[in-house]
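Submitted below is the structure of interest, expressed as structure tokens.
The chains carry the letters A, B, C and D, assigned in the order they are written, with residues numbered from 1 in each.
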């Protein structure tokens, strides 16, 4: 295992300590329970919090700040946080207008957030939850744990964060969040595995000419293993199921999000974006907004995911609204 | 070789095509000769251009836009661009107030920029050049090609870009650029090698327990190979030579830049930042500004570099000034 | 000899040791069909439980078990944290204020634990989860006691059934938790949560058997 | 038989083929002490030269060489682009308007090429660069001609000297270019630029020899 770390069990805390110093103007980091909270919390607005396992940086801690999240709760690497964290974060950001929990659809995340929400409710805080589940790699999910929440989570946090900042109430925030989730779809693939520090070895092994298609964001194997293919074929493999699932239609305006899994350089992401743009053009779908970079990652995994979000005017307005966080910033 | 590409010889052009679509609001991409130019060029100010081999993304193309570069010239992967590119870019951004060339100190870059500057001068354009050479890994460089230009280049492009945007003349821009270069020092290390697409195999090989210390940004081996070490020891190995070289002194205020080599996830960069912050605190050096992320990379190489820049008030003001490029954005 | 708080403490200590010893195995199982954290998760949780035990050593069995559950909820995370946490909390609620417990109480506690896991996780038997170890364990326990076996023997039978149940998850298609995302590829691997449940039952069997040997 | 434009074209074609055939070798040499692009750089440049040749086929030798140099400058990049580009441009300037060239002209052209490389790159012999192949090549050429050898034989001697010069870079400590950043670690590897220079000389020797065989 080759990593820039000291001891595997201290990775999360030490990285949080670094974040706290690097972004002291934007965030405070609270330890035991661990959470990252926006400077000056609570604010006079709906509080928006998220959380999940660590190893997906910049998500979620990198999205805490003006116009996005009020707090983020980082668990151990790939392990959903515990209710104590979400409870403490919920209390810290509750400005009296209620708190929205943004949860990715994984059994652990859902259960831990649920327990926190119950505890917060017991303390008289109004909590609403939205669960993202945009990963089309998981088919026929009716009888299982359902689809995973992946790339859409990033877009949703920005959009609902802007709504909350603009004064939307809790019910409205929840409705917007659900609309974003309902109109977004994602799929990802990996060229290489990644290594959970405490596990010490990669989650799976791939030959030089193999890739995993339909992966999530936890270093797990994907839906299937395939021979390595050119970028344009990989782009088809990911975009096809996404487009067919919603389905996206000729004339749609979308936000096209090409996301790196952590170890893929920007030059490859822009190349993949070029392939995606070509596919969308062929289908007469307009790219109204785009995002290219490593935003929801699996440690050092090499790979890419596509997320498409069908936009409406309100979503565009909220996407364009000012945001100031460690990882996303514009308009201020 | 595992990469998200089609054919090795088309990587640069296809990535540029993707950038052009993704950032159509900020930049235009010109092909043959290849250069990325700020929308609406030329502007009524000193033109600031840079360039170098591809594979270092987001540098330089990701820094084209308001308050930073007016154009960037991308060569083949790790190959400095040709004079035709810099000549065309220089003409495209020349608003009549002259053009500053920001060149990293590599024989190829220096010679190709020199030839372009001669050609531009022959066409009556006033050109000034600054050569960055901040890499302290290269010692006793008097009789050799000198020190490499690395991390300071990013900071310099931001700072001098702000000065040009604010109306500074060519001589002033050059003087500021030289001051930044003179007060910045860097050093880097690699956990893994990287593969030039056209070469098809890694530049060097490293055992599971080895690292290269004192690398540049071209996938080349470093000054020495060492046993893998904990983050805190690696931080000392990099920060020590940097601090001693300028030398930085108790009471200095610095910009601390922790840069990933492309394949290192943010969680490790923040952890390394935490180590650097500790070292600086011990020496009574204040971190006035910081930057953490993958900004000047070597394809998918895993590793990190530190850059420290001793700040003065003018540099801080220029650093804080609004910037709007694909990779760096604030204040607007 | 009835089961006392000391026995419960002994059980939890044995459980922590077993989990710690099998940490890498649990993580490897989770790497195959999950995210490679199950061993580290439970090891962290049980270490926290052991650290907390002295603060409740003079309390009743219900309090010890509830504290165990709450500690697990607060330190494990992931799916197994709320599931095992709820299991222990429910078992503790079933034994509130009790300082001793009989064989029947052990059954009651395990039933409450299973109810808690199912209430939280909604898994049916056959969906490749910890439920597939706990359900046969409980059946074996009831059957052995009905057949007149001692508690020690009966819990040993339950532990054996849990282990068999864990192994029986190998050919199953996962329908719950993270492994379900793998679809068909989840087949052929043993479920990590069922495996850790089998270790917990083994720890319980060790405690109950020792109790009988001492008697 | 004097050297004509056709011979120069033949030389450039042979050079392009040799570089293409040894592309991976040049890249591997560059990977060891540089950035693994020398083979791809020159292959791209000479392919562009070959594509451009038809547009100057009816021109004088000076024009062909200058066009070659300018094409290399415009397509190669890196250190070798300006260096080889300047070499060819300077050689072309030395032979401006010439349609034929003698043995002495070949010496003149190579001297001009070397001057161009040194003017651009400021390398001294012994600093582990292409200069370490070109300098001995030129010395061997002059010596062979002075000893009364035919041009074909003399250029063959030059090519052999260039190859020996390239090999002699192995123990050298790099003082110029990217390899200098490696310090002591540059020792023990053959310089890629010196190696490509040896191939260019070999291509020239092939052309001059064939010319004599035809004569």
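Please note the rule applied: a contact is a pair of C-beta atoms (placed from the backbone, for glycine too) under 8 Å apart; a residue touches a chain by one contact, two chains touch by 3 or more.
Each chain and its UniProt protein: A, B = phosphoenolpyruvate--glycerone phosphotransferase; C, D = Dihydroxyacetone kinase.
Predicted model only: the values in this text are computed from it and were never measured.
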**OP:** Select, from all pairs of chains, the pair with the highest number of C-beta pairs in contact.
**Re:** A-B
Subject >> Centre-to-centre distance between chain B and chain A (centres being mean Cα positions), rounded to whole Å >> reply: 29
Original post:
What whole-Å value do you get for the distance between chain B and chain D if each is reduced to the mean of its CA atoms?
Top reply: 33
**OP:** Can you check how far apart chain A and chain D are, centre to centre, with Cα atoms defining each centre and the answer in Å?
**Re:** 55
Subject >> Shared interface positions of chain D, touching two or more other chains >> reply: none
**OP:** Going through chain B residue by residue, note those that touch at least 2 other chains and give them in order.
**Re:** none
**OP:** Classify the chain contact graph as line, ring, star, complete or other.
**Re:** line
**OP:** Could you list each pair of chains that touch one another?
**Re:** A-B, A-C, B-D
**OP:** Please give the residue numbers of chain C that touch chain A in the complex, ascending.
**Re:** 27-28, 31-37, 39-41, 44, 73-83, 120-121, 174-178, 180-183, 185
**OP:** Would you pull the chain B residues touching chain D in the complex into a rising list?
**Re:** 53, 75-84, 106-108, 111-112, 114-115, 135, 137-139, 141, 143-145, 148, 196, 198-199, 201, 203-204, 216, 218-221, 223-224
Original post:
What residues of chain B sit close enough to touch chain A in their complex?
Top reply: 1-7, 11-12, 14-19, 21-22, 54-55, 57-58, 62, 191-192, 208, 211, 228, 230-232, 234, 262-275, 277, 287, 290, 292, 294, 297, 299-300, 302, 304, 329-332
